[in-house]
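Chains: A, B, C, D and E, in written order; residue numbering restarts at 1 for each.
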Amino acid sequence: MKHGSSSPIILLLSRVLSPYIMLFGMYVIFHGHYSPGGGFQGGALLASSIILIRIAMEEKVHQLHFNKAYGIPLGAVGVLIFFGVGFISLIMGGYFLDYSLLPFPGMITAELRFYGILLIEVGVGLAVMTILVAIYDNLLEEDDDESI
Amino acid sequence: MKYLTFMSIGVFALLLIYAAYGLPYRGDPNALVNQEISLTGTPVASSYYIENAMKDANTPNMVTTVLGDYRAFDTLGEEVVIFAAGIICFLLLNRERKREARKQ
Amino acid sequence: MNLFDFIAGHYDYWFIIILLAIGLYGMTVKKNLVKKLIGMTIFQAAVILFYISSAIKADATVPIIMENLSVDNPANYINPLPHALMLTAIVVGVATVGVAFALLILIYKNYKTLDENELLELMK
Amino acid sequence: MIEKNLPAIIPLLFLFASLIIPLIGVWKKNFAYPIAALTALASALLSLYGFVFVILTGPINYYFGGWIPPLGIEYVYDYLSSFVVLVINFVALFVIAYSFQPVEKELPRKQTAYYSVVMLLLTGFNGMIITGDLFNLYVFIEISSLASYALIGVGDKKAPFAAFKYLIIGTIGASFYLLGIGYIYFMSGTLNMNDLYNILPLMSDSPTIIVALILIVVGLGIKMAIFPMHGWLPDSYTHAPSSSSALIAPIGTKVGAYAMIRLLFFVFGLEFFSQELAVSDLIAIFSSAGIIFGSVLAIAQKEMKRMLAYSSVAQIGYIGLGIGLANPFGFIGAVLHLLNHALMKATLFMVAGSIIMKEGHSDIFKFDDTYRKKYPRTMAAFTVAALSMVGLPPLAGFFSKWYLALGTIENSSWLFLAVILISSLLNAVYFFRILEKVYMKSPDELTTKEKVKRNEIQFSMLMPIVVLAIGLIVLGILNFIIVEHIYKMMPEGML
Amino acid sequence: MHWELEIVLYIFLVISAVVSLHVKDLLTAVVSLSVFSYILAMLFVSMGAIDVGFTEAVVGAGITGVLYVVMIFRTTRRTND
């Protein structure tokens, strides 16, 4: 898996499929209010599109796609988005995660809650995507002790 | 030892079968979970969610509302769990050897 | 209590008990560590199935609001709370499995086997 | 404003630190320890403030998202939870202060991830203590369990297998707990603890609730390592790196015990679990079996960390016995022992870690009288903690056993009283054999005649050990103040 | 509801669980576990839990399966029971 596949059909197919899976993942995240889906499912779909490229390509190519050094920090950023949304409402004088106090101008409470949920879904999606890819990368981490 | 394990699995299964005597039937609309108020008069959460999810958050998908608003702190916990899994894999498996090799 | 009604009224519950027992059997009796992990996955899936199957309501529909069904009567929609809880539980299961994979790789690196008896033998 | 948000701030502070550490770690590797230590300090001070605040003005209830309890998630910061948070955070502060050098030595180049996981562990524990919602408790149990699997798994060569066993057993426990709260939820329709405290007495004859109680007791018993479910504990504590065993051993099982106390006394209610069902008697019987079993096996061990691990099994038995007695003295004994044992075990494991770091082993048979020359202060602290463990009167450990003994007398269960007395004797056996090797030789027959150089451990490691040992003496003398507060923590109708 | 369909799915669920615990090859066991997850997802959907079914299909049958395969690739597929 580290060295990828040599079959051109697999390379081509995975390169064709990956963007559509990613697009569907985005759709699932942002359409989660109206249909089944949400941050976690969309994030897992995004992660599967990246893992598909990771399985099919060589390491040099798939690192251009998504560098594995960014996995954990971006996951932390994703959780921080969630945390920050909650913390803003705490600073505004309410309880933690009380979306009705978010400082968006000109919205009624129900809309504020709508956008609050959307924001945290984006955070969830980012975190789940990066962390699942990071788990995959770390499981494949080659051990240099044995090769030397 | 093996028989002890099988016996404890059997006891576990019997215990769960015994629990079935108190459970409401499958899909029973009169079960306490599906009422509007509980035995002590407090509101039952699920009925409140069904009635007010649209009014409170403008969202037709009730599961999203429950997950993102009413019980959002559970979702934060879920996020932390998945973040923990990532950083634990990093802690256990990452060796940070490459940089050292480059220095030499 | 009518016995037939009792059995038919909980028919999915019996399957869940079977699955829980299978999972517990896999976790405790099987000696291969990956098999233990598979047993754990089955056990957690059975618990999730228990929540979901208990959440259903006769003559109710999925918890997404439709225009021609009123929300004022809660009997129209399935209880959404267990669904939200179980989404969290599924994520927790995935995270646990991920951590277990990392530990398994470390075990294999140290001892070159994943069989519990062989491991205990090697550790003496 | 800070008072109102106190229950949420304490766990979220740790969470914030665990997120910030890997972010900063991308370009500054050395910032991990200062951030972790500062966070631990801040939350220890916050929990001290919160404890005083709760005593002066009464419990704080916190509603996440502003939803009133049966709808949303509630956090309860009352006398009991603020007390346990105070204990946990102070012990964690001392252990983190201690762990700088051991981590640098045992886990080089892994500090960033290590301290992030430590912060996650403390997030989980604080959340488990403060939460007032059954499912939220499950989520935080899983966070803390995952973190402790990892902290155990980074140890020596055998550690991953021990951590894997713990993972399988711990997941069985957590799933049992999840199944139990499932039964409760589908019977009653609520997940809030206060709500359930009122509803459950109305349906206490239902077989489903009884099975749920059994499943929850088994599930939390695994987390707490009560006797037949203790199988994961000795291996995990032995093979973990010394800094993480010093962190998990004093705190982890205590939080499990706290969750058990919270669920049995404050959700199911005293009458239900002690009078209508014999669950409390079962817990007491298993706990006392565990006391004897753990103490006997501790005598059989020759490695110090493993001995301390088996002694943990025994000491958890005391807490379980206090819960099982289900009377006021038993409750006082359990809560007091929760405090004392956290302090004692932290001290002992830190001493064991220091000896491993200096000598490279912790084999009891290789201990000799040069140690009292080499590490005078460490061994003095060890002596204080060991004597407290045995239960010598002016020290803290005596008083928890005293109240437990009073509790057994009140229930007139003489068997348990005998167990407490015998186990004190067994404790004395396994600690005095170390003390005898180190102290009980006259200067004429010293093994090494030549001068042994004083080789005390570094100040940053010594300071927490000595402070905790002094704390044991102070707590022993001032224990009546704590006992007065424990009376406030009891559930209504217990006295 | 659709109880005939559900009973068939339940029977297949139990069979796939038994198979994945019983086979001697870990890779086969993992494939069987993916089948288990997929049937589980269908059951969830038939019970009206669309969100949970979606998640189980994406995670249980997709990502977890890939991670299992990666783990077996790094270790071994040999087993004695």
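Note that contacts are C-beta pairs under 8 Å (C-beta built on N, C-alpha and C of every residue); 3 or more make two chains touch, one makes a residue touch a chain.
These numbers were taken from a predicted model, which means no experiment stands behind them.
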| item | value |
| --- | --- |
| Graph distance between subunit D and subunit E, where chains that touch are linked | 2 |
| Label of the chain whose CA centroid is most distant from the centroid of subunit B | D |
| Chain of greatest Cα-centre distance to subunit E | D |
| CA centroid of subunit B to CA centroid of subunit E, Å | 19 |
| Distance from the mean Cα position of subunit E to that of subunit A, given in whole angstrom | 24 |
| Sites on subunit A at which at least two other chains make contact | 34-36, 38, 40, 72, 76, 79, 83, 96-97, 99, 132, 135, 138-139, 143 |
| For subunit B, residues that touch 2 or more chains besides their own | 16, 20-21, 23, 27, 33-34, 45-46, 49, 60-61, 63-65, 67, 69, 71-75, 77-78, 80-90, 92-94 |
| Per-residue overlap in subunit E, given as positions that touch at least 2 other chains | 1, 50-51, 55, 59, 63, 67, 70-71, 74 |
| Subunit B to subunit D touching residues, read off their complex | 15-16, 18-24, 31-35, 38-40, 42-46, 48-49, 69-74, 77-78, 80-81, 83-85, 87-88, 90-92, 94, 96 |
| Residues of subunit B that touch subunit C when the two form their complex | 2, 5-6, 9, 12-13, 16-17, 20-21, 23, 25-29, 33-34, 36, 45-47, 49-51, 53-54, 60-63, 65-67, 71, 74-75, 77-78, 81-82, 84-86, 88-89, 92-93 |
| Subunit C - residues contacting subunit E, complex | 11-12, 15, 18-19, 22-23, 25-26, 30-32, 34-35, 38-39, 41-42, 45, 48-49, 52-53, 55-56, 58, 60-64, 78, 82-83, 86-87, 90-91, 94, 97-98, 101, 104-105, 108, 113-115 |
| Complex interface listing, subunit D residues touching subunit B | 15, 18-19, 22, 64-65, 67, 69-73, 109-110, 113-114, 116-117, 120, 123, 127, 135-136, 139-140, 142-143, 146-147, 149-150, 153-154, 160, 183, 185-191, 195, 198-199, 202-203, 206-212, 214-215 |
| Residues on subunit A engaged by subunit B in the complex (per definition of touch) | 32-36, 38, 40, 71-72, 75-76, 78-79, 82-83, 86, 96-97, 99, 109-111, 113-114, 116-117, 120-121, 123-124, 127-128, 130-132, 134-135, 138-139, 141, 143-145 |
